[in-house]
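The first chain written gets the first letter, and so on, giving A, B, C and D; residue counts start at 1 in each chain.
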Amino acid sequence: MPTKFSRLGFEKRVIRPDGFYNILLNRKQVGFNLDLRINYYRGLPLSCVQKLEVEVDGEKIPEHLMQFQLREKVFTISELPNMYREYWGSKTPAQLLIYNYGLEPGEHDVNVTLEFKSPYMDFGPGEYGVIDGSAEELLQLGTAREL
Amino acid sequence: MKNNIDLGVSLYGFTQRYIEEDGYNFREMFEDLNKLGIRKFELVGAQMFQNYPNPTDEEINEVMELAEQYDVEPFSYGGYVDFGKLPDHRMNDDEIMDQVTYDLMTAHKLGCKYIRGFGIPNHLYERVAQMAEFYQVVVAYEIHAPQRPSDPDIQELITIFKKLQSPWVGFVPDFGCYIEKPNELHIQRYMGLGAKRENLQYIIDNRWNGFTEEQMTQKIEEMGGGLAEQMAVSEWFGFLSFAPADIEGFKTVLPYSKYFHGKFYHIGEDCVETTIPYEELLGLVVESGFNGTIMIEYEGHSFYLNDAVEQIGRHITMEQRILAD
Amino acid sequence: MKNNIDLGVSLYGFTQRYIEEDGYNFREMFEDLNKLGIRKFELVGAQMFQNYPNPTDEEINEVMELAEQYDVEPFSYGGYVDFGKLPDHRMNDDEIMDQVTYDLMTAHKLGCKYIRGFGIPNHLYERVAQMAEFYQVVVAYEIHAPQRPSDPDIQELITIFKKLQSPWVGFVPDFGCYIEKPNELHIQRYMGLGAKRENLQYIIDNRWNGFTEEQMTQKIEEMGGGLAEQMAVSEWFGFLSFAPADIEGFKTVLPYSKYFHGKFYHIGEDCVETTIPYEELLGLVVESGFNGTIMIEYEGHSFYLNDAVEQIGRHITMEQRILAD
Amino acid sequence: MPTKFSRLGFEKRVIRPDGFYNILLNRKQVGFNLDLRINYYRGLPLSCVQKLEVEVDGEKIPEHLMQFQLREKVFTISELPNMYREYWGSKTPAQLLIYNYGLEPGEHDVNVTLEFKSPYMDFGPGEYGVIDGSAEELLQLGTAREL
């Protein structure tokens, strides 16, 4: 049997400094943005996201402060399991918008827990392979941008 | 070559650069095909379309325009049935048929003559054959490791194909089914993780001497093996399995084979494949009277060596040498 | 005008041509605004964006570019909470907040200063106020028929607004709440369906004389009324209700009113509104010291007379006359 | 109480001759297309579609022969109730693809039953207003088109 958990070697893509910056609305800082990419060889239906959590400098972000944006649609984290007709492509960054009034300038320890089910690897009824797409990086906060 | 067999390259072989580099896209892949002197390619929709299973017109047009510009040809479309994507149940037959139809629509738009089928249960091939005829695209079941052509479900599919007598369904045998021993790079990877070569060699030599996975894990522990050896056992008894090639099985699927996946992981400078019996397999393909395409599928990106063009080039040299004989 | 009140027009008033004619779009509506001499407009997202609640950048840009070209200004955004759209449950608080945020995002992109709120429960206005402040867009609860400002839930909202002291939430009173009698066109429509004028007049005269809907239906049957009269009862006791205007209630919401919906169904050549006490209502608005916009909302498209520009023109004449006094 | 069923006067938009034609694949006739529009003053989340049936010349089309296409995504009829993040805009025709080998040239009686729930008109728990968007027309079959 293949192992049920798999993890590919593209974890450097998951979070990057060029997708990490404070967001402004009418020049007021309201939160920060974190781009997310998939650590896998292919894209996945958005419904495959089973777990998505973010810690910054050891502090967990409450789920209700997060919006998940894929192209021009915005989702709550909890509705992602229903989104089987939205596709998170292998080259498409998703944006996590986090309304926490933003982060201090400088370097931050960003820790993303991101787990997907593999939609075609079955290990019995309702049991699918799990892809670990987590990543942790020390990232320099970029220049703030208007949302 | 003395026969009517030609070579294509699956873009899947370019996975590492495609995934790692923002700027490595269809244009760059087609440039690489040009370098390799290859026209026909396979495209895996779930990998390279950002809107799968219904790519946008913009995505389709980009491929078509660049393909024309670089004089390359979409030959086959790598399909999937993501049967586990629904929140509450595994896809039923109608839902699976729907996915197959999406891939047919896309293959049709791309001008592909073949789909690599995946996840379609045997009993649906009759419905698939009708839809495939509508779209005039052949749907070919991929026989992929750890499956073997002698497996009962493959043999059942042969019976179904015999009955259907449809030119629109068949097989695409993947040569990865016939790996007879692990690649040296795999061995070195486990050694890098702390495994001892003699332990790994023991597993290889005794893989088919009656051990279950559990028994082998225990045996290797007794021999002093650690986590690295355990991983090797897990993978070699699993999706990196190897075994004496199922040549007799291979013969039974040949009459229904539409094209082939020329899978490989690594090939040395001498352009000799040491783990898969390509000479024997290609000999049987030629003997069967097959006229068509071997779609080369490089999977060595799993070693992250960023050597796809070099590796595929060597493999082409090998196949051409064998087919010229 | 002696005051700081100006007029806008909701594009909703152009519903008939917008829905019936493929070629009647933002450009044509803005041309109509130009004809009417009106700059500020309201846009109902669910009606005019083809990708609601997240319109594409292309959709937003089209509006912005045409608005600049025709020198008109997106003033308010007609929002919704489609709380019943989920397959298995009514939206919970977090899901509703999410919808509100989508509308705030869109209003922000359009440069609208106001959102017409709909479907947001009272207890969420504290969270709404925070999000509205982030986006610097006011979310205004629409008081719409058959609601009346004296209703307990509206009065409760006043208490909440008092406590919050936030400039980012408030009301948009719709003048349709103050319809005192049915429009002549409604009467004629029921007559066209076979109702007798005297029966209809009886319903009108006795609408507030203690009859329940059931009692009135029975009474009108006794008087020889048929299906057409029954429809009239159903609508006049329902979403086309009318009543002596709730003027005292109106006064209580004025301090929290951000802008107004100048709703109307039909106005004659003499530019005199006969069903809604506009003189009295606008007088109170001026008296309250309100500086802002009356957003004219023509709803007569329900008669399919294709007369929006003419009707809105007459209504503008009326409002300007009243406000000039 | 407002009536629970409503029906607006835009029914001439629902089906039109310019959206009614046989579809070809590689010049072989495989079915026909029927464009559908909403008879309402606004658009609706696709999940609001509660009933969609088509009869041509009195004969009902089996559901498994139909695909519902909205822009560039294709759906089965039975999955529409889950599609709450797909929006059927007021001006956007949807395409019904019907794989029945096509229709004879000439005029056909096309009868579409199309019912939506109104996502914001509630009449109690789980009960919503119903919009009747049905239409019946005698339509002339247009020139066949490649899919």
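Note that in this section a residue touches a chain if its C-beta (ideal position, glycine included) is under 8 Å from a C-beta of that chain, and two chains touch if they have at least 3 such contacts.
In this text, all values refer to a predicted model and were calculated from it rather than measured experimentally.
J.: Using the touch definition up top, find the fewest steps from subunit A to subunit D.
T.: Graph distance in the chain contact network comes out at 1.
J.: I want to compare two interfaces, A-C and A-B. Which one has more contacting C-beta pairs?
T.: Between A-B and A-C, contacts are more numerous in A-B.
J.: What's the farthest chain from subunit D if centres are computed as the mean of the Cα atoms?
T.: Ranked by distance of C-alpha centres from subunit D, the top chain is B.
J.: Using CA atom averages as chain centres, what separation in Å is found between subunit B and subunit D?
T.: From the centre of subunit B to the centre of subunit D is 40 Å.
J.: Averaging over Cα atoms per chain, report the distance between subunit B and subunit C in Å.
T.: Once rounded, the distance between the two centres reads 61 Å.
J.: So the centre of each chain is just the mean of its C-alpha atoms; given that, what is the distance between subunit A and subunit B in Å?
T.: Whole-Å distance between the two chain centres: 30.
J.: So which bits of subunit C are touching at least two other chains?
T.: Answer for subunit C, listing residues that touch two or more other chains: 51.
J.: Give the residues of subunit A touching no fewer than two other chains, as numbers and ranges.
T.: Within subunit A, residues 73, 82, 84 contact more than one other chain.
J.: In graph terms, with chains as vertices and touches as edges, which category applies: line, ring, star, complete, or other?
T.: other
J.: Touching pairs of chains, which are they?
T.: Result for touching pairs of chains: A-B, A-C, A-D, B-D, C-D.
J.: If you look only at subunit B, which of its residues touch subunit D in the complex?
T.: Checking each residue of subunit B against subunit D gives 51, 54-57, 94-95, 97-98, 101-102, 105, 108, 131, 134-136.
J.: Spell out the residues on subunit A that touch subunit C in their complex, using ranges where they run on.
T.: On the subunit A side, the touching residues are 25-26, 28, 30, 64, 67, 72-74, 76, 78-79, 99, 147.
J.: Report the residues of subunit C in contact with subunit D in the complex, numbered from low to high.
T.: Interface residues on the subunit C side: 15, 18-20, 22, 25, 44, 46-53, 80-87, 90, 118-119, 213, 234-235, 237-239, 301, 304.
J.: Which subunit D residues qualify as touching subunit A in the complex?
T.: Residues 73, 75, 82-86 of subunit D touch subunit A in their complex.
J.: Considering the complex alone, what residue numbers of subunit D touch subunit C?
T.: Against subunit C, subunit D makes touches at 1-3, 9-10, 12-13, 41-43, 45, 47-48, 81-82, 84, 87, 89-92, 117-122, 125-126, 128.
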